[in-house]
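Below, chain A partners chain B and then partners chain C, in two separate complexes.
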Partner chain A sequence: MKRNRLAEIMLGLGGILTSAAFFMTFFWAPATVYPDGRVDFAQKIFYFHVPVAEASFLVFFFTAFYSIRFLMTRKRIYDTKARIATEVTLFFVLLTMATGILWTRVEWNVWWQWEPRLTTYFILTLLVIAYFVLRNSVEDEEKRAVYAAAFGILAFIDAPISFFITRWLNSIHPIVFGGGESSGLEPPMLITFIVAQVGMLMLGYAFYQLRLREEELNERLEALKIELGD
Partner chain B sequence: MTDLYAAVIPQAPYVIGAYGIIWLGLLGFVFMVFNRIGRLEKELRVLEESVERRAKS
Partner chain C sequence: MTQSSSWRQFKAILRKDLVMELRTKEMVTSMGLYALLTMVVYQIALAEAGDNFDVRLVMPGLIWVAFIFMSMLGLNRSFVHEQDQGCIDALLLSPVDRPVIFFAKFAGNLLFLLVVEFLSLPVFSFLFLQGREGFGNPIWLVAVVLFGASVGISGVGTLLATMTVNTKGKDVMLSVLFVPLMYPLLRAAVGATFAAVIGGPGTVETFWAFMMWVAGYDVIMVLAAYGLYEFVVGV
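Here is the complex of A and B:
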C-alpha cells in the first residue's frame, strides 16, 4: 500500500511552522500592554488557541462535505472520510476548549462564561461528541452511515454560527479581526498568528490523511484475514 | 520590570498549561497514529506473505 507523501510533507512542514510560531510567540511577538500599563501575558494563548479553533471549523466542514457526498453517492468511502474528519474535529475542539478555559480563567477570572461564543462552541463540542454516540448506537451499517451523514450536515450549521456570533450579538469574547478600532494586531503579532495558523491547518490535513491511511490499512487487513479464513 | 514580573508570574501557569496541553495533544496524536500504522503494516506484511505462500502451494 502506497504511503501518502503529501501528508508526511504537510506533517513535517506543519511541525516546523508551529514550532517556529511557538518561539515567535515568546521571543518576538510583543506582549499586549493596556493603557493603564498592565501587561497581558495570557494573550500569548491566543496564538495557538485561535488556530486550533479555526482548524476545528475547517475540518468539520469536511465532515459536512463528505456527508453530503455520501448521501449523494452512497459510497462507503465518503462515510469513512466524514467519520475521520469528525474525529480530527473532536481533537481540535478539545484543544480549543482546554486552552480557551485557561485563557478565560486569567482574563475573566472565571473558568466558564455563558456568553454567545463560548455557548455556541460548547454546543459544537456536544454535537461532535453526539455524532460518535449516534454512530455507536446504530448497528445496521447502512442506516448508521445515513443517520451520521444527516447529523454531520446539521451539526456543521453550528460552526459558522459560532464563528460569526460575536459579530451578530453582544459578546465579551474578543474580536481580533474586523472588530472595530480596538481590534487588529501589530505586524509581529499578525505574522506569528499567520505562521501558527498555516502550520495548524497543515497539521490538520496531515492528521486527517494519516488516520485515513490507518483506516485503509485496517480494511486491507480485515480483507486479508477473511481471504485466509476461507 | 517589577510590573512585568507581577503580570507574568501569576498568569504563567495558565499559559504554560495551555501550551503544554497543545504540544502534548499534537505529539500524542502523531505518536499514537504512527504507532498504530506501524503495527498494522507489520501485520499486513505477515498476512500478505501467508497469502502468497498459500497461493504457491
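Here is the complex of A and C:
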C-alpha cells in the first residue's frame, strides 16, 4: 500500500503548491504591462492555463505508454491504467479549454479563433472524447481493450503536433519558453509558474493513482460478488 | 514463408475484392452517388452566394469534404461485406500473414477511392467551374494531392474500419474516430489543392510544402496502422 500513501502525499503537496501558486500569482509575480502602459491582468491565467495544458499532454503520454504495454503483454491492468490516464487527460483538457477560451476572449476579443494551436488542441479534445465513445460502443471486453489501445496510440500522435505547432507555423498563440527574444520570464514569474506546474503534475499523479485504486477496489468487489453469487 | 507467397496472397485478397466489386459494382456506385448528392447539397449551400465570387476559393474545401465522407461510406462497406459473409474469419483461419491482409484491404480501398475521386472531380468541374477561370497550375498537381491524401485516408481508414465494424454504431463510430485523426492530412490536402487550383507566384512551392505534410502524415500514420493492424484484426 506504499503507492497509496505516496498518492495521498502528492495530493496534499499538490494542493498546497497549487494554492500557494495562486497567491503568488496575485501577490508576488509582477504583472505584465501592454506597450501603452495598461496592466495586463488577463496574463495571470497563464499560471493556471499552462500547467493544466502541460499536464494534459504529459498524462496523455501515459495513455499511449500503457496502451503499448497492454498490446505487448495483454494484461488487463494496463488497459485499466490507460483508461484512467485518459480520464485524467480529459479532466485537464477540459480545464485547459475553459481557461484558454476565457483568455482569448480578453486578449484576442473573440471566444474562439481557428489558430494552429487552438485547432490542434481542439482535435486533441475530440480524440480524447472519441476514446471513451469507442470504449462504450464495444461490448466484448477483450476487443474493447485492444481497440481502445490502438486508438489511444494513434490519438497520442496529435499531442506532440499540438505542442510543437506554435513553433513550426505562424501562430498568434504566445510561446513563452524558447520562442525568441520576447519570450522567457522574470525570476518571480518563472518561480510562480514552476510552483504551479509542479503542483499540478502532483495533483495529476494523485488523481490518477486514487482513481486507479478506486477501480481496483471496484474490480475486487465485482469478483467477490460473483464468488458469493455462485 | 517466402516473399513470393506473401505477394500471391496479397494478389488473391485484392483480386477477391476487385471481382466482387466488378460483379456488384456496389462500392463505386454508392460512393459515386454519394459524391453526386453532396454536390447537389453544395448547390444549395452556394445558391445565395451568387456568381460574383470565385468558386475556386472554396472548391478545395468542398471536394475534400465530399471525399472524406465518401471514403467513410466505402470503408465501412468494405468491412461490412467481410463480416456479413464470414470472409474475414476465413481469412484469419487461412495461413495468411496479418500484414498481408492489411495491405491487400488497404490497396483495395485506395483503388476504389481513387476511382471515385477521379470520376467525381470532372463532374464537380462540370457543375461548378464552367465559364469561370481555369486552374492556375498544371492539373496533374491536383492528381498528386488526390493520390497522396487518399493513401493516408485508406491506410488509417482500413485500420479504423476493421475496428468499428465490430462496434455498436458502425458507421457513426467510424466518423467519430476517423475525422479527428484525419485533420492534419485534410488540412494539408486542402492547402495543396488550393495552391494547385489558384496558381500564381510561389504557389508551386506552397503546394510542395503542403505535400511534404501529406507525405509525412502518410508515412507515420500508415506505418502506425500497419503496426497496430496485427493486434486489432481478429481479436
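The definition used in the following text is that the second predicted complex is superposed on the first by the 227 of 230 C-alpha atoms of A that agree within 3 Å, B and C clash if a C-alpha of one lies under 4 Å from a C-alpha of the other, contacts with A are read in each partner's own complex, and residues count from 1 in each chain.
FYI, a residue touches a chain if its C-beta (ideal position, glycine included) is under 8 Å from a C-beta of that chain, and two chains touch if they have at least 3 such contacts.
These numbers come from a predicted model, not from an experiment.
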So if we stack both complexes on chain A, do chain B and chain C clash, or do they fit? fit
Rounded to the nearest 10, the angle in degrees at the CA centre of chain A toward chain B and chain C equals 130
Considering only touches as defined above, state whether A:39 meets chain B (first), chain C (second), both or neither. first
Is A:9 in contact with chain B, with chain C, with both, or with neither (first, second, both, neither)? neither
By the touch definition at the top of the document, which applies to A:18: first (chain B), second (chain C), both, or neither? first
Taking the superposition as given, does A:151 touch the first partner, chain B, the second, chain C, both, or neither? second
Who does A:126 touch here: chain B (first), chain C (second), both, or neither? second
Distance of closest approach, chain C and chain B, by C-alpha atoms in Å: 26
Chain A residues within the chain C interface of the complex: 71, 119-120, 123, 126-127, 130, 133-134, 137-140, 142-143, 146-147, 149-151, 153-155, 157-158, 161
Using the touch definition up top, name the residues of chain C that touch chain A in the complex. 156, 159-160, 163, 166-169, 173, 176-177, 179-181, 183-184, 220-221, 224-225, 228, 231-232, 235
Considering the complex alone, what residue numbers of chain B touch chain A? 3-4, 7-8, 11-12, 14-15, 17-19, 21-23, 25-26, 29-30, 33-34, 36-37, 40-41, 43-44, 47-48, 50-51, 54
Provide the residue numbers of chain A that touch chain B in the complex, in ascending order. 1, 11, 18, 22, 37-42, 44-45, 48-49, 52, 91, 94-95, 98-99, 102-103, 105-106, 203, 207, 210-211, 213-214, 217-218, 220-221, 224-225, 227-228
